[in-house]
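What follows is a short report on a single structure.
Note that the chains are named A, B, C and D in the order they appear, and that numbering of residues resets to 1 at the start of each chain.
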């Protein structure tokens, strides 16, 4: 398999990020299978045609069913709004297409499980878009843990802090509508933290959370792009039906303690996706706003020079760095998607499951729902019990 | 009241910090009442005599009852191990002495309440040693909140991270013995976070926690000073009866959400006593390892220059700064005690309660115990219900 | 002019960066003229063919004269080694091609002037690749200065620190050969600082420098890519004929004082391209290793909250940010080339000179040579006197 | 010698810092000889009496000649304005007193040499107050260099940045008067950088500088304390006769290159006394605004975890740390004076010269004057030629 023919559903924020990854791969990862940008799909005909032209897709359609039926498509890339993931994935799996789905996999755990089962039944490959795993600095954290250089893990603490809706007049966009988005900060940001925790420290055995919607109603929206939006006219308001912030604590199977916080009300934090891991031999710290850096501490360093090292993960010793620029020449957000897509394409070539895949999407969803249940019932909940 | 005659019980880590504060005050705060270092008390005669000489106390005794009885003492400063606080405080109050007690006020909420009641019944002044309130950068955070410059508060997140017992061969010192210390990281470090939260954001209405003792037994100790210690001979071990780490979440009366973590197992963190507050108009961040700095964000800054400001709280506009050095010339840990003691002495002079006082000690203890109960019972607990 | 047909000479580090810019522009800057990647040129036939395939050029040639003669080329992009710039540029200008030349413009000021004169005589547009001007954080610095928000400028201090040849066994690559590279750290790194200084603070009236070659001979090289290389076999060594480090001081026409340092011997600095500007009303600081950040200070801030703000230049208020991702989602090194190329393409469309152009290349070269002369003659030199 | 009887001339900023050091030593360094605060001297009788009371001196006098004559004084501490240093030191040496003189030693190199000669002729001990040497983080830098852990030194770059006179209406205080202060930023701040360079890297063989007085006249002053002052009445102005900023470059005897900048016009920098040293095996960075930290890089670290370590110099492995608080509990500006004074007292006890001493003052003055001459003559100057 030297090339992979792709049909993509969705053309907004994630659609742009994925498209760019497909464009960049032949140049920076020439040994990976070549992604062929066949078909893009979106509901708004003018919008999707413009996106096709701009992003470099061969054709545009407005009905994802048409895309799924096409013989010349190997892989269906699903980055439409979250409430559409399941139906598209099931149909695509049934049509024998490999699947690449943005997170969250689905709005509910039951749906997520159904999607995994469908993919497995169809024998197709499946990947989920937890892109932050693919920052070189995060890969370094994983490597240090896997090689035992941090020792036994005691703590994982993570916070995903944003502030884009802190203004109460910011409009009621789809991400604030439970029917479309499933949840708010929890599913959008917390999902990334949960995946990071699982990636680095392993499964969680029990969780308990709390959440809040600080601003209960907002102006109805005009238009939206990325995370920005304009207010509509007329001054009408509607209810916010998702959480503005969700926190939870967790116990890991390995014995570590976890602390998680996802919020869109942390003023001054545009995109602080941060975590720290403390082990018996060392610690690592990461903040996505400085995504090229991993701060690394070793308890075994000479007594007079112990301290967190600021490692710039752009050296030849770091994952993916060779594909890019000389040491110290940093990369950005979009590169996480490029690396993620390299994993996807190489897995297809090697006839193996890419990682992370729908199994990871299900496990993440189980934790998300366990937290939600723990909030409703005000008690600890075991994800395995769901 | 131009001078205050002091009798102090305890002469180790806190005794040294308090003594130094008394020595420095006449020089840097010449308008405050003059502390007279009359009497120091400790159980080890040689040790307390040496401390008296070194720290500058007029006399040394080995029985605190003798100290409490003395006519020439106005104030009893209690910084003996935590299990001795109550008995001394009750006797001192009964003897009409003003009280200055290190945190935690007592080992239990019931004891703490009894101490507060005794002080109130005796009509004496009482203070508790939450020294971190007195860092100028913390004072600035308080000022910004009180003046409404952060707006409505949404989040308080705090972590007190240390690593001094991460080595499993570190010995079983008194701070790891529940009978003496009451609790581990929770009461030692978490108590500071709780007080900071109350100081800045107000009372908490419900909490839920989790905790762990990662290293269950340790070598019996030789000697200990400050936070360092040496292992004893013979290789005998004893059980660790306190928590190595305790996390909890809280809801504040004002509607804010709180996240707390106290641990002695965070490698690379010698003394990261840190918090962040997010409000509708701005945010502040503090880390005691850089105690002269407060990071301040205002949502109302011009759109192209928004970002956290690193404010060095050493300007004339900052609390206590005028007493010290020119701007940019930083101060250290011990200065928090000096400022704390200035508050104590001035309150005595002005015949008012110093702040924080035993009431704050009781409220802190209520949260500590609510967290402990929430851990035992695996459910949310309201401090007011205790 | 809706598209620009490009012929590029060079296909290594800079060739890759430029190629990627051409590929990304239609997607992220769809309103800019479309770059058409017609022809790539390099001396090694196999290498240039592979590059053509990988980077997406339509054709590859090995003789730049052929490229210059082609009718279907509007713009010649010159990123071959520095010693080849002049000959290519002169021929391309004569052929009526617009010019885009990497820095340094030439090996000597005389050559640079000749290139500018040739471009002007031919009436073609010309640009020079000072890409760091195009980091959004740098654009913000420029905006603050131009709007008077920093007031009168007192200081410019800049250091470009790298460490890629600090190992004495690193081989003698072309960048260490005066005949090919012109100079060492001075022309490679210092040139960027000089351009930044001119961009932000204006022209320099006099300079004095010092330089050193710490490691006088090195192993002859094997192969080289980007800034990495392998040693050759046999253990033969050759002389290093360029500077390892060059420092200089400058006086600006506006009265400011300048401090400059360029070195490849600053261990721990992979690519610290940093500057600070101090004005009567404020200051800015930049470090390319955190290229999305500008640290900004205003003397007029309220007295209790003065301090450098960490501004993440990813908000809609910042240059180029709208083309990319939501606030807080950072970009990388390669984006400076994309923005630079947007300026080039838009200038061609608008029939104006792009900025920076050969005039800037000449002025930079004048400072570079003035510094070199000041080093030889151990006295202050006025660039205008050259 | 178990105690040292001190007479101190000067009672302002430095007088306060020294007095506090004397007060703290018996408590924190009980094994050092005990400083006895006998006599303080100042020209303003009311002022010096108040200082004596506040700082804890036994007696106050207004004529330093009286102080010098006293039999019960072992050590004369000179921290009066710089123009008074010489006369007092010569008299005190003649009277057989040990000498502790604030920097700069004198207003001219000739005077400094005369002072050194006088002290040597009298056979007394002499120390100069380069207090920054005594920050534990600086001690660590020195240790790493001395132990060869940074290898061969290539670069020293240092900047002492302040902004306390950036406001053109700040009054014409004595530090801006050449007759009293000798020079401006150069002698006040640059002297500290020069001493640090000599301490860490060794002697300089040649220098060249530049300087500027940005604000040429200022309001005549009212009163002044520390670095703050109030403007006088009447609006009269006077000329600033010292430099606002001085930069210079240097070559070290060891082959390293040096860059120095001292300015009082760097907005946002209250007291950025910073340096960096790059060697073949590693680097260190220091900024006094975070004086407890040294950033340390080792080229020999494992390839995937190379980066500057933030070392908090508060561990038992660090100089002076044992005298203070547990790891992570930071110290401040005043502690540099305490450590400095410990060196002084111990040297007296051990009958050896303290370090740094008048020899260091002379060498520093030679570099200061060489820089001044290089500015006047616009050429490189060798300090040894003066």
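Following the convention adopted for this analysis, a contact is a pair of C-beta atoms (placed from the backbone, for glycine too) under 8 Å apart; a residue touches a chain by one contact, two chains touch by 3 or more.
Note that the coordinates shown come from a computational prediction; the quantities given were computed from them, not determined experimentally.
Participant: What chains do chain A and chain B have as common neighbours?
Facilitator: A chain counts here if it touches both chain A and chain B, which gives C, D.
Participant: Tell me which of B-D and B-C has more C-beta pairs in contact.
Facilitator: The greater number of contacts lies at B-D.
Participant: Looking at CA centres, what chain is most distant from chain C?
Facilitator: It is B whose centre lies farthest from that of chain C.
Participant: Can you check how far apart chain B and chain D are, centre to centre, with Cα atoms defining each centre and the answer in Å?
Facilitator: Result: the chain centres lie 35 Å from each other.
Participant: How many angstrom lie between the CA centroids of chain B and chain C, rounded to a whole number?
Facilitator: 54
Participant: For chain B, write out the residues touching at least two other chains, lowest number first.
Facilitator: 269, 306-308, 312, 315-316
Participant: Which residues of chain C touch chain B in their complex?
Facilitator: Contact set of chain C toward chain B: 140, 143-144, 296, 298, 301, 303-312, 315-318.
Participant: Note which residues of chain B are touching chain D in the complex, please.
Facilitator: 13, 16-17, 19-20, 23-24, 26-28, 30, 53-56, 162, 164, 226-228, 269-272, 288-292, 312, 314-316, 324-335
Participant: Okay, in this complex, where on chain A does chain B touch?
Facilitator: Listed in rising order, the residues are 154-155, 157, 159, 161, 163, 166-168, 208-210, 212, 214, 244-245, 247-249, 251, 255, 257, 259, 261, 263, 265-269, 276, 278-283, 297, 299, 306-308, 378-380.
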